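So that you can tell them apart, the chains are marked A, B, C and D in the order they are listed, and the count of residues begins at 1 in each.
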Amino acid sequence: MVSEKVLLSGHIIDSLILPKVLDEITDLGGTFAIEEIHVGRTRRDTSRACIEVSATSRDRLERILERIKRQGAVSVEPGEVKLVRAPRDGVLPEGFYSSTNLQTDVQFKGRWIRVRNPEMDCAVVVDTKARRAATVPMSDVRKGDRVVVGEQGVRVLPEKRAEETDEFRFMRSRTSSEKPKEIMIHEIAAQMKSAKRRGGKILVVGGPAIVHTGAGRYLERLIRKGFVDVLFAGNALAVHDVEYALFETSLGIYLDRGQSAEGGHGHHVRAINAIRAAGGLRRAVSKGILKKGVMYTCVREKVPFVLAGSIRDDGPLPEVITDAIEAQRAMRRYLKGVRFALMVATTLHSIAVGNLLPASVRTVCVDINPSVVTKLIDRGSFQAAGLVTDAELFLRELSQTLTGS
Amino acid sequence: MVSEKVLLSGHIIDSLILPKVLDEITDLGGTFAIEEIHVGRTRRDTSRACIEVSATSRDRLERILERIKRQGAVSVEPGEVKLVRAPRDGVLPEGFYSSTNLQTDVQFKGRWIRVRNPEMDCAVVVDTKARRAATVPMSDVRKGDRVVVGEQGVRVLPEKRAEETDEFRFMRSRTSSEKPKEIMIHEIAAQMKSAKRRGGKILVVGGPAIVHTGAGRYLERLIRKGFVDVLFAGNALAVHDVEYALFETSLGIYLDRGQSAEGGHGHHVRAINAIRAAGGLRRAVSKGILKKGVMYTCVREKVPFVLAGSIRDDGPLPEVITDAIEAQRAMRRYLKGVRFALMVATTLHSIAVGNLLPASVRTVCVDINPSVVTKLIDRGSFQAAGLVTDAELFLRELSQTLTGS
Amino acid sequence: MVSEKVLLSGHIIDSLILPKVLDEITDLGGTFAIEEIHVGRTRRDTSRACIEVSATSRDRLERILERIKRQGAVSVEPGEVKLVRAPRDGVLPEGFYSSTNLQTDVQFKGRWIRVRNPEMDCAVVVDTKARRAATVPMSDVRKGDRVVVGEQGVRVLPEKRAEETDEFRFMRSRTSSEKPKEIMIHEIAAQMKSAKRRGGKILVVGGPAIVHTGAGRYLERLIRKGFVDVLFAGNALAVHDVEYALFETSLGIYLDRGQSAEGGHGHHVRAINAIRAAGGLRRAVSKGILKKGVMYTCVREKVPFVLAGSIRDDGPLPEVITDAIEAQRAMRRYLKGVRFALMVATTLHSIAVGNLLPASVRTVCVDINPSVVTKLIDRGSFQAAGLVTDAELFLRELSQTLTGS
Amino acid sequence: MVSEKVLLSGHIIDSLILPKVLDEITDLGGTFAIEEIHVGRTRRDTSRACIEVSATSRDRLERILERIKRQGAVSVEPGEVKLVRAPRDGVLPEGFYSSTNLQTDVQFKGRWIRVRNPEMDCAVVVDTKARRAATVPMSDVRKGDRVVVGEQGVRVLPEKRAEETDEFRFMRSRTSSEKPKEIMIHEIAAQMKSAKRRGGKILVVGGPAIVHTGAGRYLERLIRKGFVDVLFAGNALAVHDVEYALFETSLGIYLDRGQSAEGGHGHHVRAINAIRAAGGLRRAVSKGILKKGVMYTCVREKVPFVLAGSIRDDGPLPEVITDAIEAQRAMRRYLKGVRFALMVATTLHSIAVGNLLPASVRTVCVDINPSVVTKLIDRGSFQAAGLVTDAELFLRELSQTLTGS
């Protein structure tokens, strides 16, 4: 039987951290003894517990500690972080520390260093000269990088739930279409304004149904009014948007008389071809070929966008980044400074972006399919909330709330 | 090998009736020979086909004829309707004709008589003295009633698809959340206005989520402005509505700060008890206990309602009809004159009412769950369309379109 | 500012009760101070906390106490239960205590009396002579019954999570179709066997899709092998089952060649009529008309069933209880002794039965639609678990595991 | 008013082609006159119609002809195909013909040439020397390629529905979880055997839930018994499979005691790293690192696989093709000779592969979420059928049917 003492502190009862930690210890076959506990008298006060964790083998104990440290448990004697060099490009040393999306520190030469760009499932690489640490995705690790190995000297700082508004807590509470959407849409609008006020950026991640359903115009308004600082989407959203912009009549008929979506059958490939012939979306705008729509508005308003490719794509449009790893890198570059992320009607992109975001970014995922929302929330951070509703009517309402039209 | 000749006429190609009929013949093990076909030159022209249906046994042939006559096939020599007396109350004679929800005639003493109150899965009873025919549900048949037996002398008149607007056809086309809702909501508003203009009544069938999500106010507006002639719901919608009306503060908090639905835990039973103590919803209104909400508005505006009980109910409220067969009878009474039925966020009531409605009533079913919408449409008539969207945002938009607020 | 002290004890940290209680206090606008806390050193040890709850008004404090007592908080000085007579049949006194589905005691004349038949949202009526207490549904309360009013003298005993197997905890963890079903089906089989071994009864609640999909035969096997002590269903399950039993060929074709469900169109009303003519299911069995199927097997094996009516029903069959309140009463009668409840492919009946069940009955809800499962679990007790899977393949696997075929 | 005559022949009534064509003409604002119609007397006989299509402008007429030719309408005087050279790599000439996934011929120098590799939304390129034609995806078109422009000289041959078994028609009929799965699984097994017997290949497209739910072992059996000729999947399926293979105990615990999926948190990145360190899946097998699982079985049985990357991926594994367009090319290479495609529990890959497949490949899509199935079927060909069921239990049953274990 081996054991180790850890400390838990903060809002550990209120935010369910203490029960979760005790659960995980026994789930993984360990036992615990609470040596000492101090519970805050009121909600504002923090609590603190000292827990002795025991297991039948060192291995099992390590696994338990790995898990509970992700919840914020800190070794009583954290020690120095252990660094091992990456053996090859894109390959990590055995036993590497796999990061969370929470704020994390490593103890290096007796001082705690903050790890930059918190992101799930990455390596933590320490620049020993500059005394800096950062997450690095496996495929970007270079031979010789000093990679953190094991849990020693690593400290995770869980997000505080206490700061949330009641409305946001409510949104996060349970994924259901039976909650009043109006108050949630107002809360989202309030959070978007607040993010802007504090100098933060707003990221919108959108799926093609936004354009299909005629809600592109609401997204355009949000872009024009400065509520979108960067847009992530796939080829399909851009293609449908361009198709609408180029084939007015056919789609005019479609949207006015409600013709079946098959109506524009050939159009989407023609739209792609037209943009390819022009040399891309930006050039199609400057040449006067593309004169309206979401992509046009992004180009005119100088709102950057990342179009990530997928195997479902036709064409694709020239701006689409067809390599998945390159697309991830491009998205990471634009995540700096993002404080609020709104994901609308896209499973693939929502989950992909969710994987890249630090837990500190308020994230709202909107979809009519509850299983999409649940999937994201389940992987997501403390800060993610879901809204099961109609993307078109949602954007209409959000645009009215934020822009008055 | 036995065979019989049938005629099909009308928009039988355009509305897929001919292919369906040929399909059913072979599906049921028969064969066909098209003796003669005259296809209309243009869309407005009707077509006409004479088909010889053959099968290996009289039984099989009868079964095939039963099925294809539901699509409008008419025997070349229809003959007189056969009547057999019901052996006991609530029991039909062997081989009774089971009705469709389409317009139907029976040939009695050489004349075609229209069958009143088209409704699925009923018996057709002929009053031989008055020379009248009507559908009668099995449980309402009385001993000695003259019930139509077999297919002979029965003629079904399929609905004409040609009269539909393009928008309504589009709504009916495919059940998907990815269709533009705005144009569909405007089409629903146009159909509601048109039904009123032509002297028809509008039926709303609603589920409790309307109140849960705060959309009760939009339904109230529709009632006040005369767009609801009768409301069908269950105990739950009324209870949640009363709870909101009576416990302002608790639900005020709930809707403003977004507290979890558990918040009002005890309230719904207290609300039921308060209405039971008052002697019912109508008396609670006249006593000044119930002062707002959907049910209050119905009572004040003299809009009749049927609250049908279910085994899920708490209480229930005194106006709830707890017997399912009695509730069906009450609903049937109010269906006279209904030209448009709007079903929002309720599976049980939508399907129950769908079973009672003649195919000639334009029916729109709105739910965020596509499987609910599909279920109704699949059983439903030609005239049913589905909208996969958020009930709250749908009612908000519909109320704005129809009432300007 | 008013305040009151409460005690919480048991596995209050491990089972999340303490954090939930603290959450609810602040959610409802109160504040708390933890006067004393003793946390069990290991998982087996219980913990204990003394909490002072404060609020700005007596009313608010009462509401908070009402809520947290449902989680097991006990007043330091519980006092005597307060009883007020019911003013009329079916009407409760103002301020009545609304029950939970957890084990509950009331303090009467200085002694704790156990409340019989725990059921949600009922009144608690005390027989002062016999010194007995029981839950009574609102509609069954008689004028003059002594009804518990307020929270005083009431104590709720939360279920212990600690006794669960890991497999059952896993089943309860998260509603997803992506969990391994095989281990869950084996766990269900184990729980069913264990319930039988301990002399408990097994309740099955089933929807018509069981028969539609051809899984009726697996349910029959479970009935024959003694794994079903009582069956709750609606008219539809029984009708489809009888239709299959009576119209072999037509449904033989249907199930062998896979004809569309419309195939049996007329058959279901003919099946109903045949059973009505026979005088009911039991008489149809004794007369040799009904010779196979789920209902036949129930009759032959003397397994009681309750068929509850709904407004969707055709017919209905004579055994169907069309009055919802009567149907609830019939179901309550059969719940005595039930230790395990299996709900398959029915939303309406699952939720209705879930409302009637004490929290101590292990409940498993199986449906392919995750929203049905979530709905039940959300209202459900601690003891409910959900399985998002195919009802047909589930029953096949369960029957193979339990009966070897 | 301009007009043109077209011929329609084949099973045009039975397979709904005639009504669809008439519908599309009027939908797109044209009118029609049926000049002549000959309807087959029996099901086996083909029918034939000559239709004059008219429209107010040449443009509109062209659009109508484009659409109805996709249904098999053939110009009375088809003329020679028009060829225009591609202006640049990856850019098509204005007015290019956008292909269907149906068998297509082009008339070149007075002879009909079959277009190879039918695939949706591609260009048709004619090699004028070799007198060959083939579909070419836009991104693979090279400057100077002779590309078909307009509809002239193009003839589409619709699939014949008549050859289907009743069971397959039933599977295709309506997407519902309420159909008997057992007969559908047997039909799938029969089709897989028949495809093999006729020398065709079977393609399986799978999502990670196959491994999550423990159904990997059934897929392995199918591979070992020769029922899988090529496997398409993403990084996630392979990663979860490797994680299971490498971390036996942790996942042994997971699958036996039912620990939450978070259990293996760190493991999946460690699994990826281990395979990267080994130099890929194939080398991990040959080095004895990877000893079981789906990917191992593919390598051992020499079953080729394509792992297509997505922006959701961690790692990824070395064999993953991260560029979407490259991945499409790799998949196209393996589609040659495929006669049956089984898609299980993956939206992204199912739709992507559906886009690449000719309509002649029998395709079955299995998912527990009906909207995934509907999405594929809606885009899919005549030959696609959907099964709404549990992937794990489906594979178990299919494996038992095909391999006896």
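Just so we're on the same page, a residue touches a chain if its C-beta (ideal position, glycine included) is under 8 Å from a C-beta of that chain, and two chains touch if they have at least 3 such contacts.
None of these values were measured; they are calculated from a predicted model.
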Checklist entry - Is the number of contacting C-beta pairs greater for C-D or for B-D? => result C-D
Item to check | Farthest-lying chain, centroid of Cα atoms versus that of chain B | outcome: A
Checklist entry - Once you find the CA centre of chain B and the CA centre of chain C, what distance in Å lies between them? => result 32
Checklist entry - How many angstrom lie between the CA centroids of chain C and chain D, rounded to a whole number? => result 45
Item to check | Distance from the mean Cα position of chain D to that of chain B, given in whole angstrom | outcome: 39
Checklist outcome for this item: Flagged in chain B as touching 2+ other chains are 27, 166, 174, 259-260, 369, 371
Checklist entry - Of all residues in chain D, which touch chain A in the complex? => result 27-29, 63, 66-67, 70, 87-88, 90-92, 96, 98, 121, 138-139, 250, 253, 259-260, 263, 265-266, 268-270, 272-273, 276-277, 308-316, 322-328, 331, 347-349, 351-352, 355, 369, 371
Next on the checklist: Under the definition above, what is the set of chain C residues touching chain A in their complex?
Outcome noted: 13-16, 18-19, 22-23, 26-27, 31-34, 37, 39-43, 49, 166, 174, 176, 370-371, 374, 378
Checklist entry - What residues of chain A sit close enough to touch chain B in their complex? => result 166-167, 169-171, 173-174, 177-184, 187, 209, 212-214, 255-261, 368-369, 388-394, 396-397
